[in-house]
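Below, chain A partners chain B and then partners chain C, in two separate complexes.
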Partner chain A sequence: MSDEEKVLEREKVHLDTALRDPEIDLRLPAVVPREPYPIETLVPEARQQTRAVGQRATRQDGRLHGLGQTKYIDDMSFPGMLYARIKRAGIASARIKSIDTSAAEAIPGVMAVLTGDEIPVNSFGPSLQDQPVLCAEQVFHAGDGVAAVAAITEQIAEEAIDKIVVEYEPLPAIFDPVEAMNEDAHKVHAPGSNIYATKAIRKGDVDKGFAESDHIFEDRFTTQMIEHVSLEPHAAIADWDANGRVTIWATIGRITLARADIARTLSMPMSRIRIIGTVVGGNFGGKNEITQEPALALLSKKAGRPVKGVYTRGEEFTSTTTRHPIVMDYKTGVSNEGKILARKVRLVLDGGAYCSWSETTLGKACILSPGPYNIDNVVAEAFVVYTNKTMTGAMRGFGAPQVCFAYESQMDDIATKLGMNPLDIRLLNAFHEGSSSPTGQVLHSVVVKESLETASARFRWQEALT
Partner chain B sequence: MSDITLNINGETRTASVPPETTLLKLLRDYLNLAGAKLGCDVGDCGACTVIVDGQAVNSCLMLAGQADGRDVITIEGLATRDNFHPIQQAFENNGALQCGFCGPGVILAAKALLDENDDPDVATIRDALAGNLCRCTGYTKMIEAVQVAAGELRAEAPQQLSHAKSEAAS
Partner chain C sequence: MWYPIGFTVAANPSSATVRVNEDGTAVLLTGTVETGQGSLTVLAQIAAEALGIATDDVHVVSADTDTTPMDTGAIASRTTYVTGNAVALAAEAARDILFDTAAQMLGVKASQLEAKDRKIHVKGFPQHAVAIGDVAQRSQFVLGQPSIGSASWNPPTVAMDPETGQGKPFSTYVYATQIAEVDVDDETGEVDLLRITAAHDCGTAINPMLVEGQVEGGISMGVGMALQEEMLFRDDGTHVNPNLTNYIMPTSLDMPEIDVDIVQGFDPTGPFGAKGVGEPTAVPTAAAIMNAIHDAVGIRITSLPATAEKILMAIKASREQEQKRLSA
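Coming up: the complex of A and B.
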């Protein structure tokens, strides 16, 4: 009897009825009946197989996705709706001397033009409010918006942003995160330092650990910037009604945070702002904060009509958050037997022009940087710095994939140097039940070794080695 | 303005659009068929896939005028009043749709394949779906779903199948 059948037997539910019947009535409109596998409050003992595990379930919303009936933002429109486009700076670091929108405003079909100085509070961000909605005085990266237009068609809006003339005075720029840490480097947000958040973890005595080590490995690992490329671009519709309330349909995963941020930028009470989070066509961390929404709201207020804004694929790359590139320096001391005795990690995260979710990413990258290994002596320090590049923020894992690439690459190097099987060196060092993490947290339900052994048996790792 | 008359999902539809209008824009903005999605607007992602005269095409790269007088199938044309298309059913049952944004394009690319080849191997399915990107990383389940749907379609139409096979043999 399989594990899940045993659980079902115990719960007196037959397998056939526990699963959703595939032959359910298919009459359209097709909304899946609410009768999937039974969900009850069940507090499992440690390692007990609960009956949800191993069962098949279908997504409730999958049916409408397949029928093409799911309403994403761009599938919706409202009477009199206008289309917005944002003019992008195209220069990484510059002072804005002047913005001339008169030619754009003269185009028939252009209903509203907005610049940064018209935004009540022109800054936002989930932890540091350092990002302007539209740059008014200075441009911090090439994808920054400097003006926005709402017009009766997308083409007219596109033509209008081409007619907006912005005069720039170029400023020095910094693109390398390690160089940006120097005292004399160009300050992205002067006069403040480019290092805008730090974290450090210390455990044991690394100097003693290195002194006791038979081998020391020192390596630098770097990762690149990665865009989420959710298939649905960032999109929103804003409608400022005659009563002075604004409704915003947005592809945002965190509507409450968005509501607070929008209230701040528009300088109006949250009670007058309604956010409708629509079905998100892929988030992956890239749709966790506001982007163009305050600009669309103000365009709607000016034009007196609903305004839709959909980013182009190009804007997705230049003007929305990305994954942090990290420069990772690892120094690891090991014994002849392959036991890790000390590890020192230094991380420099490229934060791009704005903070976004960098503080969260910094913390997680730093905590996880020593890896899932029992190491008595650890120092991990992490810095996140401003550069004149597209801002980096949340993306699946919040910094964990980058450091995993670094410590696992180094584990392979160590195994090769010591002539060890890469699996054995991991089994020797991996967390076990009751291990304590670098931050001192005692860990439970730890199955790293079991997982490694099961996985290596499944894909016949030992055979592959011979 | 160009006057376009085309057959969409078995119905004759007409529209008068500016000459630069793409087929995707015609479907979405003029005919209210929003199932085909705009993902990249340059023919990379396949979210806008529709079937024109039996071929899967990126409707963002085809002008509405080029579709004049032709047969177009969109995702809205697959299910009937009472039944899903077997591909749609298989995608649902196999959990092949996550955020769903790529779904209509993938399903239509799969339909164009299965209309030509009722028993494709995995390599053929991968090839047919190569123009459709999914960032939720759901390709495995999609390929399984296409295989299940192919089986369903063969079981549904044994007559046509043997006919097609004998035709292919001769």
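Coming up: the complex of A and C.
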């Protein structure tokens, strides 16, 4: 054989042997050899222990997540499934004069279009039902939904919502919660006041406490609006059967409440609704109520096909709940020894355009605001106020991280002023077993001091100070 | 910090159903939703402990309004405490049916029995035992009593007075401390997070590994809240940064070294003494970091996030004040 022929022979790829020989460099599209699933499931020992509590048991879904086999909603598809998109207002406060969907309906591939007036009961909310599924008359924040479209591909749906023409009459808007508390500020949900909920806690006599204090500290703290940014966006699929029963797969953390809300907004009995909560890729509070599900259900009913809706990352910021920014005024009176004698707190929560979980956040923030300290004289007043911004709702902590930032910052300032070790001033004031909370509750299983001591020992706090 | 478990005063019940299969393994039906925190594993551990079997023997079915019992939801750090209590009670109800059968098989009273190591044996005399699988078989096929138990649980609260707020809004609270160590560059205002030490109370840690996971995850959210994250609006109310490019969030490069300690605790009102830990982990972090910055450069940030600009401006302002005081 000549040299050229030898090279050709050497370079020739024999497909019947090549796929089995890992040494041969294949200039072919990558072919992943099929591995059979192991018959013996490898089970870490902790899951086999019969004293189960206290075991570092690995999660049953860990293997599925690692191999990429978990089915999130975006991984699910059904025959004939359509994709939905929602048109966002883009304007913070306006009256809707007209919505023209004819151009969108004319696009080939668009199977259903929905506007707010077609929704049987166009309002929902965990405590105040002030949020529309799709706005029909007025828009309250820039991320509000005004129409929804279901089409055979996402791109067509995206194009269709651009073609929907909405005429707005701009209205005044208010964005600062402290300003919004004034009587003459623009009323977001007119004619009611912008302050839609208040809470107060009063214990002892703060005036007397301040009179007896050696030092008084007054500070204002503010926090920002934050978004959960869970890896998986809000997603849902709605499908009807011939008996008028709707099944909704959703990323919602509260499926019972979701079913109740769908029953209410669609005016249906609960027995005709099935909500399936799939494995959710992170919730952190943002997925505790319905968002697009009633719209998807109605689009599905109109089109006669399953409809999937997945929020874009942009919509996660503009159109889903966020953390309440809070303006916190703290006035604390202490003795020379560092004992807190009185504390007065005023919280103003930015409640966004709709209530959502604000009442709960208000309650928790108010109750937790004095901190885990034995204080005989406490006044805590909290207000939550409408503004024309993205609605604020549940987010990991419900107001606690904000007030903790305030009371713990002030604590260190007090320690510095009195020349005390920040650890010692906290140990002096902290709750112990049987302490009375600001609401008068007798606390049990209290380990504040133990947690302070454990963390300080581990951090080597005393050495770090020197 | 302190943080409550469950809803403020309002009823937030959870229900669960436990069925023991004929071979001694079990199925747990719960309406809660797995959102990535590993709650289904923890609930399986609670059911397994009550039945005397292993975590792996319990299969969890969740989150379907047609088939699983009602659950208020995976919210307010309540799953381990409230749903866990419901699961423990349901497992005990299923176990009691097995105890009735085992009592007959062993010739003792049901109150003398306990379940451990996949067997039901007499308390104080473990040699007198019978395998759970055998008991379940006999219970279902000979006595016609399949082992199934359902239970609901709601935390006991007292409504708060509308004027003074006095009441018992929550059944239990958890406590924690976090300490942060930072390095602040006083010429750029940038903060380098070196270390965070966290000591968290969760009652009994049903699964310490998942508790540590929650602490680390919570700290990452706290770091974002302290130093980076902020949704910005223009004067007309439209969003400036509704995207991941301009909404700054912590990445793995921003995370400090984290030391986690689980503080010893036991809450008699919780399942096997457990409380909860999901949200408390994100609560004290921002405060710890702000206090560390205060210790480092002597400035007090009162508005979050503590961006480099804010810190630098505060450092400059405090230096100007120093100068004025020295020269005055």
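The working rule: the second predicted complex is superposed on the first by the 411 of 466 C-alpha atoms of A that agree within 3 Å, B and C clash if a C-alpha of one lies under 4 Å from a C-alpha of the other, contacts with A are read in each partner's own complex, and residues count from 1 in each chain.
FYI, a contact is a pair of C-beta atoms (placed from the backbone, for glycine too) under 8 Å apart; a residue touches a chain by one contact, two chains touch by 3 or more.
The model shown is predicted, which means the values in this text are computed figures rather than measured ones.
After overlaying the two complexes on the shared chain, residue contacts for A:Met81 are found with neither chain B nor chain C. In the superposed model, more residues of chain A are touched by C than by the other of chain B and chain C. By the document's definition of touching, neither partner reaches A:Ile107: not chain B, not chain C. When the shared chain is aligned, chain B comes close enough to touch A:Arg63, but chain C does not.
Judged by the touch definition given at the top, the superposed model places A:Gly282 against both chain B and chain C.
After overlaying the two complexes on the shared chain, residue contacts for A:Val178 are found with neither chain B nor chain C. In the superposition on chain A, contact of A:Ile152 is made with neither chain B nor chain C.
Applying the stated contact rule after C-alpha superposition, one finds that A:Pro233 touches chain B and leaves chain C untouched. In the superposed model, A:Ile195 makes contact with neither chain B nor chain C. By the touch criterion defined above, A:Leu428 reaches neither chain B nor chain C. Overlap of the chain B and chain C interfaces on chain A comprises residues 57-59, 61, 229, 279-284, 313. Interface residues of chain A facing chain B in the complex, by the touch rule stated above, are 22, 26-28, 30, 57-59, 61-72, 74-75, 155, 228-233, 279-284, 310, 312-313. Chain A contributes residues 43, 46-61, 90-93, 141-143, 173, 175, 199-203, 219-227, 229, 252-257, 259, 273-285, 287-288, 313-318, 322-323, 360, 363-364, 366-368, 371-372, 380, 388-390, 394, 396-398, 400-401, 404-405, 407-409, 412-413, 416, 422, 431, 437-441, 443-448, 450-452, 454-456, 458-459, 461, 464 to its touches with chain C in the complex. Those residues of chain C that touch chain A in the complex are listed here as 1-4, 7-9, 31, 33-36, 38, 40-41, 44-46, 48-49, 52-56, 60, 62-66, 70-76, 116-118, 158, 160, 163-170, 172-173, 175-179, 181, 195, 197-201, 203-210, 218, 221-222, 224-226, 229-231, 233, 235-239, 241-244, 247, 249, 259, 261, 263-269, 272, 274-275, 278-280, 282-288, 290-291, 294-295, 300-305. Of all residues in chain B, only 20, 28, 34-42, 44-45, 47, 74-76, 78-79, 81-84, 88-89, 91-93, 95-104, 107, 133-136 touch chain A in the complex they form.
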